[in-house]
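Here come two complexes built around chain A, the first alongside chain B, the second alongside chain C.
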Partner chain A sequence: MIGITEIGSYIPSKRVSNIERKEQFDTDEDFIYNKIGVSQVAVKEADEDTSDLAVKAFQNLEKKITIHRNEIEAVILITQNPNSNIPHSSALIHKALDLPESVACFDISLGCSGFVYGLSVIKSFMEVNGMTKGLLFTSDPYSKIIDPKDKNTALLFGDAASVSYLTDNPVYTIGNFTFGTIGKESSNLTCNKNILSMNGRGIFNFAAKYIPVDIKNLLSKSNLNIQDIDKFIFHQGSKYIIDTLIKRTGIDDGKVIFDIEDYGNTVSSSIPIILERILHDHNNKYIFISGFGVGLSWSSNILINNKLK
Partner chain B sequence: MELSIANLKQLLAKSSSLGNQVLDFRDDISITEQGVDSLDMMDFFLNIEEAFNVTIPDVDIEKVKTFNALFQYLRNKSNEV
Partner chain C sequence: MIGITEIGSYIPSKRVSNIERKEQFDTDEDFIYNKIGVSQVAVKEADEDTSDLAVKAFQNLEKKITIHRNEIEAVILITQNPNSNIPHSSALIHKALDLPESVACFDISLGCSGFVYGLSVIKSFMEVNGMTKGLLFTSDPYSKIIDPKDKNTALLFGDAASVSYLTDNPVYTIGNFTFGTIGKESSNLTCNKNILSMNGRGIFNFAAKYIPVDIKNLLSKSNLNIQDIDKFIFHQGSKYIIDTLIKRTGIDDGKVIFDIEDYGNTVSSSIPIILERILHDHNNKYIFISGFGVGLSWSSNILINNKLK
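Now for the complex of A and B:
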């Protein structure tokens, strides 16, 4: 069964401080630390593009595990900010990593729900095609589309990339999924003329109303109780959204990870970056992941520790 | 929940990090000017929508800055039904 064997990530070292911009945005440190939960955002260098971030995540993955590139069979990239419209950026990753010509490469256009959707797609794609080694990338550098004067987005989003190595010898197997879309609310988070625009209230209402219900649905579908889950990794939208989910679900806040103060909301990379940190903590049997955002779209999944089955 | 300013303040106390301090807020001064931040206001409006089964469109948010205005707005909404 295909699952996650290892994860690598890359967060650019350049930072833009929110504290230094507090007067510009008429806010204060209490709001920055305790509501947004992001004191600085990571920003890629001008000469780094989407595929470059992904390749650097792969280079970090290779520092942790030996990967024979000639054995890779599938590459999927989650992004809505590709290097260009044509070609698909996964082909540029293929080129940079000098992967075999037999590799299937394609991009998926999704935002904050993308990693979870991507897990379902790559697992299914690999299993139906008899593949045993694949790479799921996330790289969606919002600095390419953020208006630095827009308080709603400039203080929140950071750049990063991740790569999950999926094999038939996983650390975590991939359990049930839920999916959903509310297209009629999609105008709450858009990009027009290369500028991101977010209606914070619309996104907040969506997350606060739909994700608690989705959590219950997936637990029920998986015959698990909320107490059975060892860790919850929600899309790291903002501290306020995570705190709201805790308040509305009654989940023990010690089980919910929020840790983006140093680099920001990295869209589809937010879940795998956190997951990477706890992947080899074998105290966790079940990890609940949930991505939600652009679309408005959501997907949740329960990862199952292969050693504690 | 019965529509009253006291109950609206209870809902805000649930949303705001200021907690029960908001129970002493004035009814005729903007809630945000009395110290509630924009995110807590979003949570407050969502709690109102759920408690009173109403929708408060974004365009109406500017009209309901004080408890008095909010109470009147919600009373008018309930009369529309």
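Now for the complex of A and C:
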């Protein structure tokens, strides 16, 4: 059974401070620390493109685990900001890492729900095709499309990338999934003429309405109670949405991780970056992950510690 | 087991004649009919976007088979020319078709190999997630990115869309796959600043080198001989590449379909549009499909008639 063996990530070192921009945006530290929970955002260099961030995440992965590149069979990249639309950026990653000719490569276009969807796609694709080693990348640098004068987006989103190494000898196996789409509300988060536009209130209402119900549904489908879950990693949208989910679900807030103050909401990289930090903690049996955003779309999964199951 | 139950397609009625442009492009009818094999290309209306073409393909599908929209569980769109990059266009299809909230929707970024990859992704995604009804769309209108003065692309590519209805009661089941990527040759087909650029010779050499070997590999993996295959549907790249594949493989040319003179190379829609026409022929047991192009990327599969197997 295919699951997650290791995760690498890359967060560019350059930061733009929200504290220094608070007058410009007519806001205050209460908003910055308590509402969005982001005091500075990570921004890539101008000459770093989407595939470059992904390759740097892979280099960090290789510092932790030996990867035989000639054994890789599948590469999936989650992005809505590829280097360009043709070719798919996963082919550029394939080139940069000098992977074998037999590798299946494709990009998936999804936003903040993308890592969780991507886990399902790569797991099922590998299992049905008899593959045992694959890479799931996320790299969606919103700095490419953010209007630096737009308070709704400029203070919130940061650049980053991740790569999850999927094998048949995993640290975490992948349980049941839930999926959902509300296409008729997709106009809440759009990109036109290369400028991102977000109705933050619309996204908030969507998450606050659908995710608590989805948590119940997935627990029920998995025959688990909310108390059985050791950690919850929700998409790191903002402090306010995480606090709201805690309130509406009654989850013990000590089990919910929110930790993006230093670099921002990194879209589909937000969950794997947190997951990487706790992947080898021995006390967690079940980790609940849930991504939600662009589409509007969501997906949730319960990861199961392969040593404790 | 998930397979193909029905296919719908949409080719816009507007045509641009290559015969009328032959002086402008300093070419002749021999090149038009015998080399590219495209005498006119289909072009969408200016107010038709990628998701609109897909929805029209779905409307044509519904003329052939009753679809209960509330039973659909997965929607995948293959495109590299979405309406915009955010949101994914499959969410716009979800909205237009008023599909249920529980549908998993995402786009896959692949070009001419996209339909075959997409079949593997949707089959495995549906099987592993216990789904029984899904829609695989292709819609990649290159007229959005073609320089009308570029002979390499303007005479070749046409607009179209398709939708394949995947269920657990299929007409064709889906056999083994092969996949491949040559990322280091991806610069042969790119889009920069919204203009497509193609090195036709590079793409031709790629297909002529890799696809004959791939055909042998997939036949061997499937324990079939080349004579066992009833029909071959290669990506309809150009007449010249199809003729070359026939020559290099020794396939009986009566088994190879090439039929795009009236509308052009429709990228990821090229295979399903041909497949739709022969889906209910009772004499074909095995149909070999192979897509190749952007990436550079390829994938092949052998479809198996569910009544004759």
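Heads up, the rule we're going with is that the second predicted complex is superposed on the first by the 309 of 309 C-alpha atoms of A that agree within 3 Å, B and C clash if a C-alpha of one lies under 4 Å from a C-alpha of the other, contacts with A are read in each partner's own complex, and residues count from 1 in each chain.
What we mean here is this: a residue touches a chain if its C-beta (ideal position, glycine included) is under 8 Å from a C-beta of that chain, and two chains touch if they have at least 3 such contacts.
Because the structure is predicted, anything quoted here is derived from the model rather than measured.
In the superposition on chain A, A:K133 makes contact with neither chain B nor chain C. In the superposed model, A:K231 makes contact with neither chain B nor chain C.
When the shared chain is aligned, no partner comes close enough to touch A:K56: not chain B, not chain C. Of the two partner chains placed by superposition, only chain B is touched by A:F31; chain C is not. Of the two partners chain B and chain C, it is C that touches the larger number of chain A residues. When both complexes are overlaid on chain A, the residue A:L92 reaches chain C alone and has no touch with chain B. In the superposed model, A:S297 lies in contact with chain C only, and not with chain B.
In the complex of the two chains, the chain B residues touching chain A come out as 17, 37-39, 42-43, 45-46, 58, 61.
Within the complex formed with chain A, the chain C residues making contact are 74-75, 80-82, 84-88, 90-96, 98-99, 101-111, 114, 117, 120-121, 123-125, 127-129, 145, 177-184, 186, 189-192, 196, 210, 294-297, 299.
By the touch criterion given at the top, residues 31, 34-35, 199-202, 204-205, 208-209, 240, 244 of chain A touch chain B in their complex.
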